[in-house]
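We call the chains A, B, C, D and E, going by the order they appear; numbering starts again at 1 in every chain.
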Amino acid sequence: MSMAILALALWLGLWALNVWLATGPLSDRIWARMAVPLLFGITLLVLWEIAVRALAVPLVILPPPSQIGARFGASLPVLWGDFVQTILRGGLTGYAIGCGAAFLTAIAVDRFVFLQRGLLPLASFMAALPIVGTAPILVMWFGFDWQSKAAVVVVMVFFPMLVNTVAGLAETSAMQRDLMRSWGAGYWQGLVKLRLPAAMPFIFNGLKICTTLALIGAIVAEFFGSPTLGLGFRITTSVGQLALDMVWAAILVAALAGTGFYGLVALIERGVTFWHPSQRG
Amino acid sequence: MMNAPIAKTVISARGVDLTFETADGPVHALKGVDLDISKGEFVSFIGPSGCGKTTFLRVVAALETPTAGEVSVNGMSPDDARRARAYGYVFQAAGLYPWRTIGRNISLPLEIMGYPKAERTRRVREVLELVELGGFEKKYPWQLSGGMQQRASIARALAFDAEILLMDEPFGALDEIVRDRLNEELLRLWAATGKTTLFVTHSIPEAVYLSTKIVVMSPRPGRISDVIDSPLPPERPLDIRDSPEFIEIAHRVREGLRAGHEEV
Amino acid sequence: MSRAGPILVLVAGLFALWYAAAVPMNIREALTAAERDGAAVQPATAVERRDANALGLVLANPGQIPEAWAQDRPRLPAPHQVAGELWQSVVMEEVEGRRGLVRSGSLSNRGLLLHAWITLSATALGFAIGAVAGIALAIGIVHSKTMEKSVMPWAIVSQTVPIVALAPMIVVVLYSVGLQGLLPKAIISAYLSFFPVVVGMVKGLRAPDAMQTDLMRTWDASGWQVLTRLRLPASLPYLFASLKIAVAAALVGAIVGELPVQGGGLGARMLAGSYYGQTAQIWAALLLAAALAAVLVAAIGAMQRLALRRMGGAA
Amino acid sequence: QDLDEVRLQLQWVTQAQFAGYYVALEQGFYEEEGLDVEILAGGPDIAPPQVLAGGGADVMLNWMPSALAAREKGLPVVNIAQPFASSGLMLTCWKDTGIEGPQDFKGKTIGVWFFGNEYPFLSWMSQEGISTDGGEDGVTVLKQGFNVDPLIQRQADCISTMTYNEYGQVLDAGISEDELVTFKYEEMGVATLEDGMWVLEENLEDPEFVDKMTRFVRASMKGWKWAEENPEEAAMIVLDNDETGAQTEAHQVRMMGEIAKLTEGSDGSLDEAAYQRTVDTLLAGGSDPVISAEPEGAFTHEITDKALQ
Amino acid sequence: MMNAPIAKTVISARGVDLTFETADGPVHALKGVDLDISKGEFVSFIGPSGCGKTTFLRVVAALETPTAGEVSVNGMSPDDARRARAYGYVFQAAGLYPWRTIGRNISLPLEIMGYPKAERTRRVREVLELVELGGFEKKYPWQLSGGMQQRASIARALAFDAEILLMDEPFGALDEIVRDRLNEELLRLWAATGKTTLFVTHSIPEAVYLSTKIVVMSPRPGRISDVIDSPLPPERPLDIRDSPEFIEIAHRVREGLRAGHEEV
């Protein structure tokens, strides 16, 4: 009980500090901007630690963050290998291929009404080819190594990217299009000079959503067969060994990689779509 | 009321009707519009708000298809003329692309039409000076005042060599002084290049000062109620606006406008 | 008709491609089977064929092509094999099966309809939770700087946690605290679907331009009024693009939530199919799931068109 | 009358491997003992020890290596009964790879189940002195999904199979036995006990729980004996309980037949010799043994003794 | 040059500076602006494009915060006045919400301010008639011509009872006839309600005809170069524009404007 009160007090205190940091006089300092999410995260972690200890949650169900941190620190070489295998080889390759293919498809769909009528419904058919179903098949086709993981990622990111790009390409105003017409701009010119720039906010939406999907895809695909490394491999084998600290250390790697990846895309987005009201804020 | 072609006819409209279908019934934007415009003419369109001026310009530029009637531009369909890059169009609202600076907005049609880079830079400079926006080349549209945006959009249409200039209230947001200056510039440019110009305005003096022909329109349905050929000489100093001929034409235009309004 | 035309043409093309692809995919097994039956194949032994190019094998043994479409455990079942399985599990099982609709009065667990229904209900619940949570979170983020700065990064982190990997564990843990049935699956499904909604809606809610928000300011509209009268309507294109993705993600989530094969569902079906090497079974469940997704996405597309029409079909 | 509730966590999806329990349920053996039993199907990534620890089940089925490892990890689980007398685990290899004995594994690719099931294999390889890190002198280990595709697709030279399930699937794929070479762990002397019933140690201090488990084990063993005698009906009962409806009758009937060979001769009580052999195998795991010390109190005869009275 | 308060001062600006920071350097939009506006005055702002008229109105409406100086409205900060719903603002561009019909666009501020439904309907009807848009209530903005959109946006600002009316070139896209009519209407409305009005225009006659005070601005940096109090009587028939006083004020304004332009 007293633990609960302590936890609650801690939460309120840190939240208040956060509100002050985020909106107070220091809010535009760079360190304050970094501190806000960190503080929030630390709050969560501390609460987690308190909860696990207070409720005596068995270690094989949920280990406390301190133990996860220790395991993470002690397993860096192993986790690095997993990171390279899953994120760099499987995830990134699949992300690049999948988003690229979806982008080109979106342009084809945009160019030919025929494809728009025929391909879009088919693509949404592909949308929920659930990873559970596709992964075993793709592992069967492309083998155990990262190639099959990349293939799973391709299938996963294709639809979100396609939907966003198609929506983005439709996002021009009538006057903007009329101008292009009045200059006798050809299809490609209209695309490159008008529709693509106008679509960028949507395209980056897709790219951002896909970053996390790519990670999930690469990790989960490893459940269905893998070499003896990779984050997905680590997670499943460690669950089996009840080494929950290792499970969470692997998840930590995924979270760090994912956040970094997302942050990178968001950064590029800021540069590319600086003109959009949502960025001018 | 129709105007016999004097020189080579560039634009010819015959019985043009245009009806917009809207959720609560059709809107007759144009009805039985007949008009011939010769090469090198400067034609002003004047008429009450909503009478179809913009719509007519859009029909000429192949942005709207008439429900009935025929339009030909240089003997081709408006759409072919569009493809042949015959038009420089200044829209009623500025319509600048927010992701491009003013300079790059102006150079956009030049890029599209394949002008070489050096030429683009030169022309952008030139037209920016012309509309008195030197020094704003690197700004983004949302960093400009309303009138500045409008001037940028005028500059954009002037930067390339369109045979036909379509200008929809280009000077609406400008003060008298700049407006006078730009009127003079436009006239000079027109005289020098002989571009056929279709110009929508709400200012009677402006229409009379600039035009070789003034088309007065009346609304609902939009049609041409008067076409006035200007007897003013091609050389027009600003103070021509005090001459009796000028005042007389202005009067006729005002009467036409008023008649259009009363009908409603 | 003009709408269906392109779809039909493309589907036909897809099937042709599928049949064509099935040949090199399955040729090895087809040749092995033929070899066992004593037919002469080129090259003669499996070991020699292992490193041979699949297309080369097809060319060397054109007579075995039909065999590639008739394998029991194909790498890629031919469309008619999948169709046959679908017919079996969707129609025949219900009509003739011991536990089918006709004999038992309820849907058969050996048929696919029951499993599709199980998955669909978890999807619907999860999508509803996810969409509402996503919109709510986006609204919070747009309105509170603190929320934006502290929650948004963690919303991102939450998605990088391979929830799918933890799904079985979560289901187990939830079970041990007394949550069972639809809800654990729906929670996983919601977890996957809320994120696209947050990302899209944050962008969409911020899409109104300066003049539009300035107007609201001059009227001193309250936050709620700005939200309902300006931000929400302006965000609709973003919302619908996000919802389409979210509903697909919700379906994936529900299916993943079925990984601990208890209780059936299309996910359980796919997985069980994979454990017992029933390729056709996996494909049938897969196609049904895809069809389900297509229907759900199309439903949202219809809502989108309806909303746009009601909003004047703005140009 | 009030029935006592028991939740049993299986370690895999519903199949004839667990026929005894389903039979006991369907034939009313549990009810006769005053028990209301809920059988929870397992699957990949469900770790039964975790379910037990979380309070999601009262008793679990588990392979002894995995259960003993959990015990060392601080989750004190105790074997209360061992219906499976022998192991059904084996490696199945293509004969045309030239493999004849364990020493031929060098340089080959072998599919292994992880998730706690890798322990017996790792022990075996360590006893044979073969490295599992790939290369010319070692084996390349793949984490095998739970099906036989890697063998059929020839992505692996050998894969793990159970006599009662995957091996049958290999045969179903049209491969004849003389195309294959098999290595039963039982015959290699590295067999470990499978499918024991395990509970949390702390629960055994409660006499009521012990009583409940006694009745549970008694009824379960009755179910097993019934299943051994009526394999076809037992298979049908399993099929009826399979919520996915994915299994085929033929496969389950054959599985029941093979399972019966493993449960044959067990009355449910743990054979201490087999236990010791399992522990020795696990301790012999070379540089990375599965368990590091002889377990204490990892099993009890108390319940089977009472049940057999 | 400063104007001593005659009656109750409603708006008072003291040394207002405003600098926009842009990627390629700061833009001085306002510099040292001092101005007092009394209750019920009609003040026109005139000046070259880009001289800061819009910016000044935005400062008054608390949409922009001055970099230096003080502005008070009714003795409070502009932001408090905004919260007290003191402003009806007509922007330079129409800014109608594309997903609402014209009628619902106009009723939007009324909804926000909590007017009851019947009252809203009545007012929407009324102002639509006032701007001659009766019958277009159900149309969407993009179905209207540019001038009609602008009128709709004027109607929107007139529909509710704001104490202070801020109008940024409201009549820029209207023809002379409608414009004259709306000028008369606006004057009538102003006389009837006594609303303090700040009005940006580029038309000298319009400014003179409407205003009790004319503020002439000059650009870069934007500042006030002249403040002219109009001696014209409150009752102003349209033909007052031919009176000598009128012509004399117009001349002074034109001179001021010209001076501003030359400086640049």
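Basically, contacts are C-beta pairs under 8 Å (C-beta built on N, C-alpha and C of every residue); 3 or more make two chains touch, one makes a residue touch a chain.
Per UniProt, the chains are A = Pyrimidine ABC transporter, transmembrane component 1; B, E = Pyrimidine ABC transporter, ATP-binding protein; C = Pyrimidine ABC transporter, transmembrane component 2.
Predicted model, so just to flag it, every value in this text is computed and none were measured.
Enquirer: Identify the chains adjacent to both chain D and chain E in the sense defined at the top.
Expert: C
Enquirer: Going by C-alpha centres, which chain would you call the most central?
Expert: Closest to the centre of all protein C-alpha atoms: chain A.
Enquirer: Find the two chains joined by the most C-beta pairs in contact, please.
Expert: A-C
Enquirer: Roughly how far is chain A from chain E, going centre to centre by Cα mean, in whole Å?
Expert: 49
Enquirer: Once you find the CA centre of chain A and the CA centre of chain B, what distance in Å lies between them?
Expert: 50
Enquirer: Could you grab the centroid distance between chain B and chain D? Build each centroid from C-alpha atoms only and quote it in angstrom.
Expert: Computed from C-alpha means, the inter-chain centre distance equals 86 Å.
Enquirer: If you average the Cα atoms of chain A and of chain D to get two centres, how far apart are those centres in Å?
Expert: Centre separation, chain A to chain D: 38 Å.
Enquirer: By residue number and range, which residues of chain E touch two or more other chains?
Expert: Chain E, residues with two or more chain partners: 93, 142.
Enquirer: Counting only residues that touch at least two other chains, what does the list for chain C look like?
Expert: 75, 165, 169, 173, 210, 259, 271, 274, 312, 315
Enquirer: Can you tell me which residues of chain A touch two or more of the remaining chains?
Expert: Residues 61, 136, 140, 173-174, 223-224, 236, 239, 276, 280 of chain A touch two or more partner chains.
Enquirer: If we count contacts the way the header does, which residues on chain A are in touch with chain C in the complex?
Expert: By the definition above, chain A touches chain C via 15, 18-19, 22-23, 27, 33, 36-37, 39-41, 44, 61-62, 114-119, 121-122, 124-134, 136-137, 140-141, 159-160, 163-164, 167, 171, 173-174, 201-202, 205, 208-209, 212, 215-216, 219-220, 223-224, 231-232, 235-236, 239, 251, 254-259, 261-263, 276-278, 280-281.
Enquirer: Which of the residues in chain E end up touching chain C in this complex?
Expert: 58, 61-63, 82-85, 87-89, 91, 93, 95, 97-101, 108-109, 111-113, 140, 142, 160, 166
Enquirer: Which of the residues in chain D end up touching chain A in this complex?
Expert: Contact set of chain D toward chain A: 44-45, 47, 49-50, 53-54, 66, 69-70, 73-75, 114-118, 141-145, 147, 149-150, 153, 155.
Enquirer: Note which residues of chain D are touching chain C in the complex, please.
Expert: Touching chain C: residues 13-14, 40-47, 50-51, 54-56, 96, 145-149, 152-154, 169, 172-174, 176, 242-248, 251 of chain D.
Enquirer: What part of chain C is in contact with chain D in the complex they form?
Expert: Counting only chain C, the residues touching chain D are 29, 32-33, 36, 45-47, 50, 72-73, 75, 99, 108-111, 114-115, 165, 167-169, 172-173, 175-176, 259-264, 268-269, 271-278, 281.
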